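Pasting in a structure now, in structure tokens, and then I'll have a few things to ask.
Going by the order they are written in, the chains are A, B, C, D and E; count residues from 1 in each one.
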């Protein structure tokens, strides 16, 4: 099966082509089935591949053809199947399948149904390429491909300005990240003479520290762009303008984790480049707490989830940065499930409320939407890291990793973030599902979603609840570590022997953090002690800062963009007036010269004759000068 | 003869440049034509003087002069015809006034 | 007898002139209209293919007829034959484009053709000459009829003015030239080119009289070729003269002037070339720049072409200045003169499609939409203009290419660059005419058109030649190279 | 008084005549006066030719210039009557400039003239008629023929320019 | 299938089309058919030529020689190598598309003359890419000028005359200076009688060119190519010309004419003047990077669709010069691919801008919007080309730009080093996304507009025009290696010639 691994992306590609060519005219709603069928088949194959890898096929390269070969630069279109990529394949296809199914229901009444599934399939294809690639350049194809699909799907409702703006913003900020990726990639080739992972990692030793740091920082810029880390995070919340399945699949479960995957993939490089790893950890931690604080005060249910995603991605980078890539990937997987579930749940709510996203108008919905409520409760618990839900295990892995790496400050940040996380998820769920309905009109019309939408929710809920158990016990010798470990750790790295009691202690702290957050949330929103409104008033400036997302959008969208536009405008003026003006000026000069010279043509014969005589004098002097040697010959 | 050729040539050059000056100064086309004739005469004088140079007399200068006579006659004939035909259309021979075309 | 055979083409041309005069008197007005040009054409073709073969190609027959005749006063060589053929072709061309215009403007056709032939004869004489006297007589025989041609539309005040200005300045410059010849005779003691060259070879430029002679000759011949600053007669004379006459006088006298320059300055005064070539290079640069710059601001097409012809003088003069490059210099001059003759005559002749008052040419606006009203004429005009610009695949381009060669070879890199930049300048105004013809719509008050089959035919043939010689220039180049050999081996 | 001295005197007088006559042509305000002075200059020039021993040329000079050309010019003057006008208006506006440029050139050239130091060959044996005729009619037969064509061409040209339209 | 003298045939087939075009000049239908058939035959012929080309050889193939001006050593000398063999089919394809599109109703007046201009233009364009004699090259280089001048000037927009004169004057200014340099090369090529302008012969004696000579000669050649390309700061003719040109003219102008500049650098400037190349290289690299950034920056503030694409061409062609002058295989292959890709993609962009303009008569971006509602097919095609233009991996634009950037990073022969200029050039890619997506969004997206409702989506002819370009765009992005295999051997030789001034190579 591994040899046929290319079938996995080929099916979505086929679905994309079929839907793209015939969807709008002929297939219409069949497109959903085609796309879903394709990805489901891919999921089955991914499972088979995963099992084979599990069965001992640890590292296989499947080459299709040579893509680019110029001089000593060669890049193939080939897949690397190892535990890491097989896990990713599995996550992408399985979560993808569920979301595809959900979307069949969610998008049923949209007139862009065929288009939606065309692009969704393309996304699946690109994402699969991204995770399968055996070299950085091919990964970049997927990398940009998912970026493109993200652009297309955020701007799916293209007749409105906001989605368009969000789509452009997403693509542009990603491009800034891609710039870093490009630099990292090219530098990698310069240093190692190859872009294939295995060849590069085998030669890590030949690179200097400076080289490695440059490469890793550059790659991390790329990862930060894709995974919405500071300072390139601001596109992701805006990306919620797209249809909810898009948010779930692309902006929560898969695409945004590509950055994490990239760094995890490059662990050998990052580990060898110490400072870069530090940067990753710090940026991850700051992003985690930064986004969590913003999530505290949002009222748009999808925005809460979006900032939560940014925050959770921060966790993953924190994990990578502290040298716990397994934990990062593990969290990536669990997060894919519970965050997809949260988004889909939100989508279900929004769908049920007729496209209302403001939590202030919800409330008490648990009676109207029980399935949604219960599944989201599971996901919320996972996000708040309550044992035994999946989120607990993975987040605990991260936090203990941070603690054990000796960077207790980062660990502390993680714990604080965990409290905040638990708080905002409590707040969101309470505002949505509990209490009294605040908008009776909306409440009247609210209804549970059809089965095609709730079934995926249930499936995801099961995943969110149980996936954590995969970690095994004790965690650091459990299944995940033994399976993923070899793929992402550098050979010969010192094994950490950890006391079990330490681990349990750390777990207790993180559970406590989660519970503290929930308690505060319940206290504020159920008991109104303290009353949220009072807190808001008391926090004053801080609250405004958070509501305005630290004013970063203002800075980006207005100050920087305006400044650049103004500068480019000046350049254009320079082009038209100075450069072109110079060219036209030369022409005008000739014309002015001509105008002057023609005035010598007076029309009077005597003047002409005089000119001849003057010319004679000049010629005479010139010849005389030559004869006398005044002029050089 | 004790007068050197140079003296004749000097006279001819003075005559020539008086002619040139006349062309440049006078307005009347006929007078300008006369001045051109003076210039041609200066050439004649020079040619004859050169051709009668002591030691190396050479008839060619004189022959040249004969041809210049012919040419001068032809030139004057055509020139006066041109002046006349111009005068018929517009009764002036003042070259300062003949300047419809310029620039 | 050999002597007579040697000058058969000249005799045929003279006889043709005589025949025209006789026919003008005997033929009816209607018969004369096409009869006269027919006689001229037959006569000129006969001259071209005269028994001794001034054929268009250096045939064996032509080679046999080369030599020195009339006791050394007539010299027939490849150079002579090249120019003879050129003059005959130009005269033929100028004749064929003229009849409709002459009839329309009531210009006396018989005298027109006869005068044209006399001028051609003069030009041919220049190339036969072996000494200054013959040269001067030939020069005058060429020029004086052209004064007449300029003024032949005698009811038109512009024609009058053109003739008057041309005549006064021409006579003035002739006097300067002949005075220069006199001094040259004084310095070298001879009027024969070969003797002059021998004498100068020993003395060089290092004495006052030689400087005077050289200066006067430079001015005199420069005037005939319209070198700046001796050019000012050109725009007015070309502008005011009847257009067919302009077409002829813009090319044949200029070609003859360059023939004279080659014979006198390059051949006879060759030993002084080191001195005059630098001055000529400067004059060439000034000439092309001034011509182009002023042409740039003209609004009348005919006058613009007049200025542009000054610029072309500059290009040719650049090749003359590059005399130290040897054969390629001479060949470049000859090739350029030939190319210039074809394209410039054609360009002026294209103006004949327009029925305008008097002698002056159309303004640029009057050419608006010309390509729609007269597609063929516009096409030929465009071909001539593009050739004048020097864009391949036309003969004008090859000519420029050939000129740049000796200029660079002689070390005048700056001049070559100036030449190139000037060509850019020229492109602007030449192509502006194309703009008006092709890219503007005709205006309501546009001048009426005259359709003349003969005009179209001759323009078509010459435009075709312009393109053909641009694509396969080799035979013309070989001919020019061979023709320049007697002067610059 | 030696022959040379007479020659010198004659030369000086003729020079005076030529220069004076020429200046008169340029500066006289009466056109007929200019024409007559031109003829006078031609005559003086013929004297110079005689002094140089070129009697035949001198004869031609008198015939053609003094005779033919002056008469032609006088006809020209008569056919183109002008209104009287102030003396200053006989001159072009550029007159001072012309003087400024012509004077140095003239001076320059006249000075160079003196570098011809050879003496003059006053008299040829048997006069200059025979050698001249031999040259013109034998050696220069070709240019002579051309010159005759030139006269023909000039004649036709002059006629076509001045003949009346009804002719 | 093998055809003898295929290159010569390529040069004369369009000329054969001129005669029937003249005969049927009063029948627009017939003239269109004649032109379409002629260009189609030419296209097929060029593909046959491509098929006859032996991949993997560096030397010139399908060479034909004939004396032209024998006494000057000037020959009719044509041949193709890996660099040019792909540019010829590109030219014929784009010409065919232009003619086909124009025959679909885009040109309403004087259609016969229009087609004639295109056929003449085609001779010049093909000729530029196959000429191996400098004289012939120059003739062909200029032959492209006049037809394009007429195409812009007669069938162009409102300011067409200003634009076309500017185009001609700029181009001529460069090329005439080059003409001087060509003559200088000719003079330097040997003693009188053995001079030549044949490229292989000149390469064989290039080590006799002094450094000073190479300095000036490279400058002169470079100026001509820089203006044609166009390189910053000689680019200002381009926006004007593009804005005013008719659609087909824009396609050819962007698709082929600009390539002549880049091709000229590779074919002539580099091999003939290796020392000159070394001297001027830092300047060109800096100017290229400026062009990339500047062109992109100025594109972002354009209000006119065509101007935007035109300025983007400046940026894209900056990659071409950058790739050529970093003098390594990656850069050079990238540059050639970029030339091909830019030909197809920007040609297509101009085609679609033209299609759009023909229907809406609007070109100001702010006036447009919502077209995606009415024209799904159009949107799809246009979108793909926009994405290719902004360098999306998987489409062709990416391969070239990436290789150029890769080459730039590796290059050390410029102040501050490749690690400085490479990332700077890569910023251009970000900016490309900015202006192209902004434009695409503004034009295609947004609310539907009623007055566009009746405007039809792509017609069958337009689809036929666009499909080959689309296929090539995808194919060259996914499978670039066949093209690279054709290009690389010849490029390696050119680079070797450029890097080692004393290297001699036995060439035909």
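In the analysis below, a residue touches a chain if its C-beta (ideal position, glycine included) is under 8 Å from a C-beta of that chain, and two chains touch if they have at least 3 such contacts.
Since the model is a prediction, treat every value here as computed from it, not as a measurement.
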item: Co-neighbours of chain C and chain B - touch as defined; value: A, D
item: Farthest chain relative to chain B (centres taken as mean CA coordinates); value: A
item: Longest centre-to-centre distance from chain D, chain (CA-based); value: A
item: Pair joined by more contacting C-beta pairs (A-D or C-D); value: C-D
item: Central chain (by mean CA position); value: E
item: Euclidean distance of C-alpha centroids - chain B vs chain E, Å; value: 64
item: Interchain centroid distance [CA atoms averaged], chain A/chain B, Å; value: 96
item: Cα-centroid distance, chain D relative to chain E, in whole angstrom; value: 70
item: Distance from the mean Cα position of chain C to that of chain A, given in whole angstrom; value: 77
item: Per-residue overlap in chain E, given as positions that touch at least 2 other chains; value: 169
item: Residues of chain C engaged with two or more neighbouring chains; value: 133, 137, 140, 144, 147-148, 151, 154-155, 163-165, 168, 172, 176, 186, 207, 211-212, 235-236, 428
item: Residues of chain D touching at least two other chains; value: 92, 94, 98, 102, 105, 108-109, 113, 115-116, 139-140, 143, 147, 150, 153-154, 157-159, 161
item: Every chain pair in contact, whichever chains are involved; value: A-B, A-C, A-D, A-E, B-C, B-D, C-D, C-E
item: Residues of chain A touching chain D in the complex; value: 604, 606-607, 610, 613-614, 616-617, 620
item: Sites on chain B touched by chain C in the complex; value: 5, 9, 12, 16, 19-20, 23, 29, 32-33, 36, 39-40, 42-43, 46-47, 49-51, 53, 56, 58, 60-61, 63-64, 67-68, 70-71, 74-75, 78-79, 81-83, 85-86, 88-90, 95, 98-102
item: Residue numbers on chain C that touch chain B, as the complex places them; value: 131-133, 136-137, 140, 144, 147-148, 151, 154-158, 160-165, 167-168, 171-172, 174-176, 178-179, 181-183, 185-186, 189-191, 235-236, 239-240, 303
item: Contacting residues of chain C [partner chain A, same complex]; value: 164-165, 168-169, 172-173, 176, 205-207, 210-212, 214-216, 218-219, 222-223, 229-230, 232-233, 235-236, 274-276, 278-279, 282, 290, 293-298, 425, 428
item: Chain A - residues contacting chain B, complex; value: 598-599, 601-606, 609-610, 613
